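One structure is given below, represented as C-alpha cells, and several questions about it will come after.
To keep things simple, chains are lettered A, B, C and D as they appear, and every chain counts its residues starting from 1.
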Amino acid sequence: MIDVGKIRAQFPLLHQKVNGENLVYFDNGASTQKPQVVIDAIAQYYSNNNANIHRGVHYLSQKATDKFEETRDTVQAFINANKSCEIIFTKGTTDSINLVANGYRSMLNKGDDIIISEMEHHSNIVPWQMCCEVSGATLKVIPILDNGDLDMDAFENLLSEKTKLVAVTHISNALGTINPVEKLITLTHKVGAKILIDGAQATPHTLVDVQGLDVDFYCFSAHKMYGPTGVGVLYGKEALLNELPPYQGGGEMIKEVSFEKTTYADLPHKFEAGTPNIAGVIAFKAAMDFITDLGISTIAKHEDTLVQYATKQLLTISGMQFIGEAKKRAALVSFNIEGLHPYDIGVLLDKMGIAIRTGHHCAQPIMEHYKVSGTARMSFAIYNTKEEIDSCITAIKKAQTMLA
Amino acid sequence: MIDVGKIRAQFPLLHQKVNGENLVYFDNGASTQKPQVVIDAIAQYYSNNNANIHRGVHYLSQKATDKFEETRDTVQAFINANKSCEIIFTKGTTDSINLVANGYRSMLNKGDDIIISEMEHHSNIVPWQMCCEVSGATLKVIPILDNGDLDMDAFENLLSEKTKLVAVTHISNALGTINPVEKLITLTHKVGAKILIDGAQATPHTLVDVQGLDVDFYCFSAHKMYGPTGVGVLYGKEALLNELPPYQGGGEMIKEVSFEKTTYADLPHKFEAGTPNIAGVIAFKAAMDFITDLGISTIAKHEDTLVQYATKQLLTISGMQFIGEAKKRAALVSFNIEGLHPYDIGVLLDKMGIAIRTGHHCAQPIMEHYKVSGTARMSFAIYNTKEEIDSCITAIKKAQTMLA
Amino acid sequence: MGTIVAIQAELVEEFDMFEDWMEKYEYIIDLGKSLPMIDDKHKIEDNLIKGCQSRVWLHADNDNGIITYTADSDAIITKGIVAILIRVLSKQKAAEIAKADLVFIDKIGLKEQLSQTRANGLLSMVKEMKLYALALKDR
Amino acid sequence: MGTIVAIQAELVEEFDMFEDWMEKYEYIIDLGKSLPMIDDKHKIEDNLIKGCQSRVWLHADNDNGIITYTADSDAIITKGIVAILIRVLSKQKAAEIAKADLVFIDKIGLKEQLSQTRANGLLSMVKEMKLYALALKDR
C-alpha cells in the first residue's frame, strides 16, 4: 500500500485553497504537478551548475553536459532503449512528432499512405496532414468503435503495401482508451511500414519498453510525468533516425559548416540544434527517478482504483453519459451530463476549488464522432485520493442543481 | 555608478570555487548566469501556479495563462513591438530562425536570393542552406573585412530585385562586431526584400527597438539574457507572420481540426503548437525586469569598460593576436596567442577557476576566414569585474609559460 | 437608457448585494436561461465566435450610430455574461462603445471569464463589439 | 610489455606523485611536446577524429592480433593524453583492448578530458581504438 499523504507532502502546489476551498487537482492529463525534488533540481542547476553544454572545456560546462547526458541515460533505461543516442530531447510530444513528420515529407511520395486514428490528439493529426500536403501521400484514418476502442478490423483493411507510416496514440487523452500497441506494431511491420506511437498519456501511467514493443518511434512529454515544461523525448531506432533527414539547422547539430557543404553530426546531436532546455532536461531525471522509486505499476494500480471509484460514484448522478468505455482504460474518466454544457460544469466546479478539464481536449474528431461539443474529464495522478473524488461528485451535483 | 558587488550578490552561482579557485565566469556569450529572482520565479510557478495554459477554465490554468501572456506583453515592451501578437515564443534563437526559414521554403523559388553574412552563427547559416536546398533559391554571402566589419560595399552589390530575404546577425558572437543594422535594413527594404536579424548577442547588451529599426523579423534567446534555458522569441511584423505558413502542427495552433480541413489559429497561437515551456516563459519576465531595472545602457556601459580594460591588459601578453577589431564592438574579446592552441589555453585556465570559451564558437566560416582552428573568447556580463580580468590575464600568462 | 458608465455602476451595485459566488452565479445562470437573445436568422457561421469550449453568436445593428447588439451562446454561464455585456454596450453610441472602459468586469469579479484563455470566446466577443463600433464611430 | 591493468596501475602510481594539477599538466604537456607519435603519411583525413576544438589523428596496425596505435593531435594537452592512452592500449592483444576497463582515467583525475563534451575528440578516439580491437578480436 502506498501512503498518499506522504506523497502529497512532496507536492507543494497541492496544499492551497482555491476560491476558499481545498484545491482538488484533476487535470493531470493536461499537466501533472511537480514534486519538490524536481523543483529543487532546477534551482540547484541554476544556482550551482548553469552553463551551456557540449562545447565548453570549462568545469561548469562539463558538469552541465554530464548531467544533461545523465538524463539521456535515465530516459534510455526508463523506456529500455538499446542505446542512449536513440533518445532525442525535444520541447515536447508535439515537437517530437513534428520532427518525424517533417522528415517524412521528403521520404514519401504520391501513392504512399500514412495511417492515423480517429482518436488522435491534434498533435498527432496536424503534422501528418502537413506532411501529406507537401509529399502528396494520403492520410487514412482508423475509425473507432462507439465504446472508444480502435476498430482493429478496419485497421487491417487500411494496411497495405502502400502504407509507409502508422501514427497512433498509446493511450487516448480524451477517452482513456489503452490501445493494443503490440498488435498495432506487429500488423504494421507485416506490411513493411514503420510505426510511431504517441506516448504522451502513456509514460505517466504504464511501463513502456520500446525494445520489447519493437516500436519504431515513440514520443512523450516530461510535463505530464511530474517533470518540467518544455522538455520532450523522441525515441527512434538508431537506423531509422540515421535515415531521417535533420529537422532544425543550427549549432550542435553539425559536424562541419562551410558555405559549400555542411555535414551533420551523429546521433543524437543531429536532431538537437541550438541550446536546449538544459535546466528542464536535467530536472526531468528527478521526475523519472520519482516515478521509478514509487514504481510505475504502483502508480497504475492506484490510478486504476481511482478510475473505478470515480466511475461508480459518477453513476449516482442523473443523466450521466460516459464518453469512452473501452475495455482497457487508464487514469481518466470523460463524461457529459444530459442537458448540461461541459463548460458550465467546469466553471462551477472551479468555484468549488476543483480543477477538471472541459472542452474538446485537442481531439475535435473524437467530439465529432460522439456528436458532442466537448466533455468533462477527470484525470488522475499518484497524489489523488478517493476523498477528492467524493468532493468532486458532491460539487458536480451542486452544479447540476444550479444549472437545472 | 553601479554597485557590482550588490549585483553579484544576486547571482548564487558566482560564489563558488572551481578547482580550488574563485570562479571567474567569462563565458556569458554562451549563456549568462541567472539572478535569484529568475530562479525563484520558476520555483514559485511550480509551487503555486503550475497548470497547462490557454484551454483550462480552472483557476490555476487561468492564472498560468495570465502570467504567460504577461511575459508576452513584457517582451513587446522590451523590444517595442507594435502588438503582443507579434511575439512568438520558441525554444531559442535557433528555433526562431528555423521557424522563419521553414516558412520561406514554400515562399521562395529558383531565381530568388537569400543573403547571409560570413560572420553568422551556424544557427543563422544552416537553416538557410536547408531552405535553399528545398526551394531552389540561392544563398549569397556578404564577406567580412579583415577587421571584422561587414563589407557593406559587397552587400550593396549582392542586393538585387532577386533578393527576397536577408538574414544577418546584430552582434557577432565570434568577433563582437556590432553590425550597422539600420543601414542593412534600409538597403534591404530598398530592393523590396525582407530582413531577419539574429539578435541572440544583442538583446543582452543593447537597446533593441524593432519598430524604430523597422526590422521584419528579430530573434533572440532568454538564456543569454539572465533568463531560463529553453525559451526564445521570434518577433515578426504582424502582416508578415500572417503570410508565413505555420511551422509545427498540433494543439494550440489550430482553429479547427477535421480530417477534411484544418484551419489555423490567429497569431501568436498559429506558431505555438504544443505545450510550451510555461515555467521558462513566466520566469523570463523576471529576467527582462532585471535588465530593465538596471537599465540596458548601464549594462552596456559597464561591459564596454570591461572590453576596453581587457583589450589593454591582453596587449601585455606576448604574441597576442586579436580576432575581430571592428569599429563598433560589444561585450567580448576574441583572441589567439602565437604558437598556442586555444584548447590548451582553455584547459589550463579552467584549472585556475576561469571559464572562457575556446573553439570555433559555432562560426566555422569565420575561423576559415582568419585561417585559425579556433579562438579564445572572454565574454562579459553585468556582474563581471576588472579584478576578474586581472586574474584572467595572470592565468593566461601562467598558461603561456607552461605551454611554451 | 443610462450611459455606459452609469450602467456599469448599476451592475457593480447589484453584484455587491450578492453574499457569495453562488448567488452571483445563480443570477448569471438565470440571465443565461432567459429567452434567446438573438434572432435565429443571425445564428449563422458568419456571426460565430469560437471559443475552445463555448461558442458565441454576435450580431450588430447600426441605427444612425446607435448600435444594438444581439447575441447567444451554447453554454449557460457564457450566455449569462453575454447578457450582461449587452446590457452595458448595446443601444449606445458607436463612439461611446469604442472608448468604453469595461471596469465593471473586474469589480464584479468576472475577470476570469474574460481571461486570456481562449476557452469561452467572451474576450473575442468584446473585441468584436468594440471593433464594430470603432469602424462606425467616425462615419 | 605489461598488461593493460599493470600499465594502468603504473600510471596511477606515477600520477600520485604529483603535488598539484600544475605538476600533472606540466607532465602531460611534456608528453604532448614529444616527437610526433604518428607517421606523417597516416595524418590523413580518413584517420582524423574531429573534436569541436582539437583534432586527433589515429592509426592502427594489426600484427597477428597485436594492435599498435599511433596518433597525434594539434593541441598539446590533447596530444599528451593521446600519448598516455597509447601507452595503455597499444601493442596489446585485440581481445584485451576490447574488454579493457580504463579505470586509470578517473583515478589520475583526467575524467574531464574524456567527458561527454565533444570538445577534444578523446572520447571518440578511445571508442575508435576499442572498435578497431573489437573487429579484430575474434578473427
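Brief remarks on what is shown
Following the convention adopted for this analysis, a contact is a pair of C-beta atoms (placed from the backbone, for glycine too) under 8 Å apart; a residue touches a chain by one contact, two chains touch by 3 or more.
Keep in mind it's a predicted model, so treat the numbers as computed, not measured.
Chains that touch both chain B and chain C: A. Distance from chain A peaks, on a Cα-centroid basis, for D. The distance from the centre of chain A to the centre of chain C, with each centre set as the mean of the Cα atoms, comes to 37 Å. Averaging Cα coordinates per chain places chain C and chain D 75 Å apart.
Note: centroid distance chain A to chain B, computed from Cα atoms, is 31 Å. For chain A, the set of residues touching two or more other chains reads 19, 55-57, 59, 61, 256, 343, 346-347, 358-359.
Multi-chain contact residues of chain C, defined as those touching 2 or more other chains: 52-53, 119-120. Interface residues of chain D facing chain A in the complex, by the touch rule stated above, are 50, 52-53, 112, 115-120. Per the touch definition, chain D reaches chain B in the complex via residues 21-22, 25-26, 29, 52-55, 74-78, 113, 119-120. Contact residues of chain B toward chain D in the complex are 19, 341-344, 346-348, 351, 358-360, 373-374, 402-403.
The touching residues of chain A, when paired with chain D in their complex, are 53-57, 59, 61-62, 65-66, 68-69, 255-256, 269. Chain A makes touch with chain B in their complex at residues 12-13, 16, 18-19, 23, 25, 27, 30-31, 33-34, 38-39, 42-43, 46-52, 55-61, 91-95, 97-98, 101, 121-123, 125-130, 139, 141, 221, 223, 228-231, 246-254, 256-259, 262, 273-280, 343, 346-347, 349-350, 354-359, 362, 364-365, 368.
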